[in-house]
Amino acid sequence: MKIIEILTNIDRRIIYLILLIVVVLPLIFPSVEKVRVMPPVEKLYYAIDTIPPEKAVIVDFDYEPQTAPELDPMGFAILRHVFKRRIKLLVLSLYVQPLGLAQNALTQVIEEFNSAAKTNADSIIYGRDYVFLGWVPPPIIPILGMGESITGVYTVDYYGNQTDTLPLMEEITNYNDVGLLVSLSGSDIPKYWIAYAQSRFGLPVGAGITAVSASEFYPYLQTGQFSGMLVGMKGGAEYEEMVERTLKIKSRRKASEALLSLTYAHIVMILFIVIGNIGYFAKRRKK
Amino acid sequence: MKRTFPLILVFVFGILGIIPFFVPHPVVQNADEFLRNEFLRILVAFALVLGLGSLLKVHIDKIKRKRENWQYSWILIISFLISAIIGLFGGVGGTGILPTTIGSFQFDIWTIYWNVVMPLGSTMFALLAFFMASAAYRAFRARSTEATLLLAAAFVVMLGVLPLGDRISPHLPSFAQWIMDVPNVAGQRGILFGVALGALATALKIILGIERSWLGGGRE
Amino acid sequence: MNISGDPWIWISALMSLAIFSFLYRDNPFYRFAEHIFVGVANGWAVTFYWHNVLSPSLFNPLFRQGNLYYILPFVVGMLYFTRFIPRVSWLVRIPIGLYMGYWIGVSIPSTLQAYIIKQVQGTILTTQNFQAWNSGSMGVVWSVILLIGVMCTIAYFFFSREHKGALGIASRIGIIFVMVGFGAAFGYTVMARISLLIGRLQFLLGPWLGIID
């Protein structure tokens, strides 16, 4: 049939154009989609929420700019959660590229909080409420070294301050003073934290990962090695939803805004696959 | 000697890596920390320089022998030199001996990173969406029962993970989640066991000197 | 529409479009941008390794402060460069062997603990695993399916015997689980790739062209 011939021989550039249009239009005419929060995200949320007040959370920013669209929304939402609950926070990166992304996230979220703060106690103060430890290569050094002493590994922080002079670091010595580590990564880094820090020092680990790695990381969620997990842009949108719903923080929900584009793109992908298969079966039948 | 000494080193340092996991005594832990912080950390930095040297050697060779597209190798080398000079002499925060501002135009290393490295890297990854669409259209065929199963699971997950899935059926997101939690975990775990056991076996073979391919070829 | 006047935004946008031009076909703009990326990324990396690692950890303590025990890592690190001198290139095996040996040693007990023992614990039928599903009595069913799935997947990858009889049946069941897992992985991969495209388009439509917020 001629129509099937046409449909099964679409030039690849037409496919690219169709995909581009269905992704661009919802960005130009946006709407925030409501999302259902799934159990892995809830687990991570409550793992952070129930950290004892004397313990800190470590957020490991380990994604490169290439994967920032998926992981940035998670990072922002987690920082908002941690600062709203006034949980002690340490931020680090195991590689050099994510440093800029970590600093960008901290700067933006802290600006949101401090612009609404009325007193010093309300504000987020560096050294008292959070410390940006920076980067010490190779990854194995901080992963193993922080089990003994965090200031022993990070003698100076990202800004060049001696870490043992910061008030927060007088209370946080090593992993025994850390309630949870959340690793935001586009690669295998969360597995390194499990293998080297959790198996040796018993550190609880949560993960924010790209959707590509989801399938591979679910076994670690099932065993409880991950205290919770955020997957891709949808995971970021779910965490944004939880933060807004439970903590009443109204802020820009970048992941949620992109969900409509994602939805249309998925529908188009499914249509392409179905059309391709229709043509395939039609040709097979002809033979 | 040229092969034996490195093999002995691998064995000794391998044992030095294993022991601290089982011996919590402060002497052992402190020695381990010293080895990592004062020695191995510095070695890694040299390894990067080596990688860089190899990259530059390949492109210099390409220019010398005028291989295909050799002109682009000049672009790579020049852009490397410019960014390295700006970074090394301009400093990380633009605080070095080389000025990195002309009027209001900044060109310190972080500005270059955010406006050159970041967009280029991101766009290369963004291209994959188009290639995936084209490949799925051309090659993703339900040729067999297994392939049909794969397709069906893919469709359920693609629809179930988004709000659209909820609108199609309130059970669809839960079903997609179940697929991730049970059959996916089963399949991935089976593969994971194979990979982990294989990695362990290779690691032991390297430490014990049975696997020697890392030494490189030749009789030396 | 509020097109940006910032020269750096324009540089970013033009670089992005140069890479996107590959979708039409391979062209000089794409190759130019690709080579710039590799060159600048490496120049950037060199900066940080010098300022954050080599300078404070080696050159300052050794050459400025005179801490002589850094001579050993310095000398061993320099052995990496013997790779370029054919007569003594075997010396590069020393720093490689050293670092790789330590790394492998550290990874052996960790791999065993995290990737094998813990994963086996998550597979076997225990009340803890039944309850972890939060599905009441269905937790038992899911755990049994999981155990069967893992065993059959391992059976599928066992190539020392022909897949006949019981092993054949087990491997057929195993491949079903593997295919479902790969299908789920593909579904999520689609989401991942589209997300990255959305990120780039948000930049081009936002900061560059000013069409969106």
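As written, the chains take the letters A, B and C, and residue 1 is the first residue of each chain.
We take it that a contact is a pair of C-beta atoms (placed from the backbone, for glycine too) under 8 Å apart; a residue touches a chain by one contact, two chains touch by 3 or more.
Keep in mind it's a predicted model, so treat the numbers as computed, not measured.
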item: Identity of the chain that, by mean CA position, is farthest from chain C; value: A
item: Inter-chain pair with the most contacting C-beta pairs; value: B-C
item: Between chain B and chain C, centroid-to-centroid distance (C-alpha), Å; value: 4
item: Distance from chain B to chain A - Cα centre to Cα centre, in angstrom; value: 18
item: Inter-centroid spacing, chain C versus chain A (mean Cα positions, whole Å); value: 15
item: Junction residues of chain C - those touching two or more other chains; value: 23, 45, 48-49, 52-53, 103, 106-107, 109-111, 115, 119, 122, 146, 181-182, 184-185, 188-191, 193-194, 196-197, 199-201
item: Chain B: positions in contact with at least two other chains; value: 21, 40-41, 44-45, 113-114, 117-118, 121-122, 124-125, 129-130, 132, 136, 151, 155, 158, 161-162, 180-181, 184-185, 188-189, 192
item: Overlap residues in chain A, where contacts from two or more other chains coincide; value: 16, 19, 39, 66-69, 137, 140, 144, 200, 214-216, 219, 222, 234, 262, 265-266, 269
item: Chain A residues touching chain C - in the complex, by the definition given at the top; value: 13, 16, 19, 23-24, 27-28, 30, 39, 66-70, 96, 134-135, 137, 140, 144, 191, 194-196, 198-200, 210-212, 214-216, 219, 222-225, 231-234, 254, 258, 261-262, 265-266, 269
item: Sites on chain B touched by chain A in the complex; value: 21, 29, 32-33, 36-37, 40-41, 44-45, 110, 113-114, 117-118, 121-122, 124-125, 129-130, 132-134, 136-142, 151, 155, 158-159, 161-164, 166, 173, 177, 180-181, 184-185, 188-189, 192
item: Contact set on chain C toward chain B in their complex; value: 7-9, 11-13, 15-16, 19-20, 22-23, 31-54, 57-58, 69-70, 72-74, 76-78, 80-81, 83-84, 90, 93-112, 115-116, 119, 122-123, 133, 142, 145-146, 148-154, 156-157, 174-191, 193-194, 196-197, 199-201, 203
item: Complex interface listing, chain A residues touching chain B; value: 10, 12, 15-16, 19-20, 33-36, 38-39, 64-69, 100, 136-138, 140-141, 144-145, 148, 152-153, 200, 214-216, 218-219, 222, 234, 259, 262-263, 265-270, 272-273, 275-277, 280
item: In the complex, chain B residues that touch chain C; value: 2-3, 5-7, 9-18, 21-22, 35, 38-50, 52-55, 57, 69, 72-73, 75-88, 91-92, 105, 109, 111-130, 132, 136, 146-147, 149-158, 161-162, 178-194, 196-197, 199-200, 203-204, 206-207, 214-216, 220
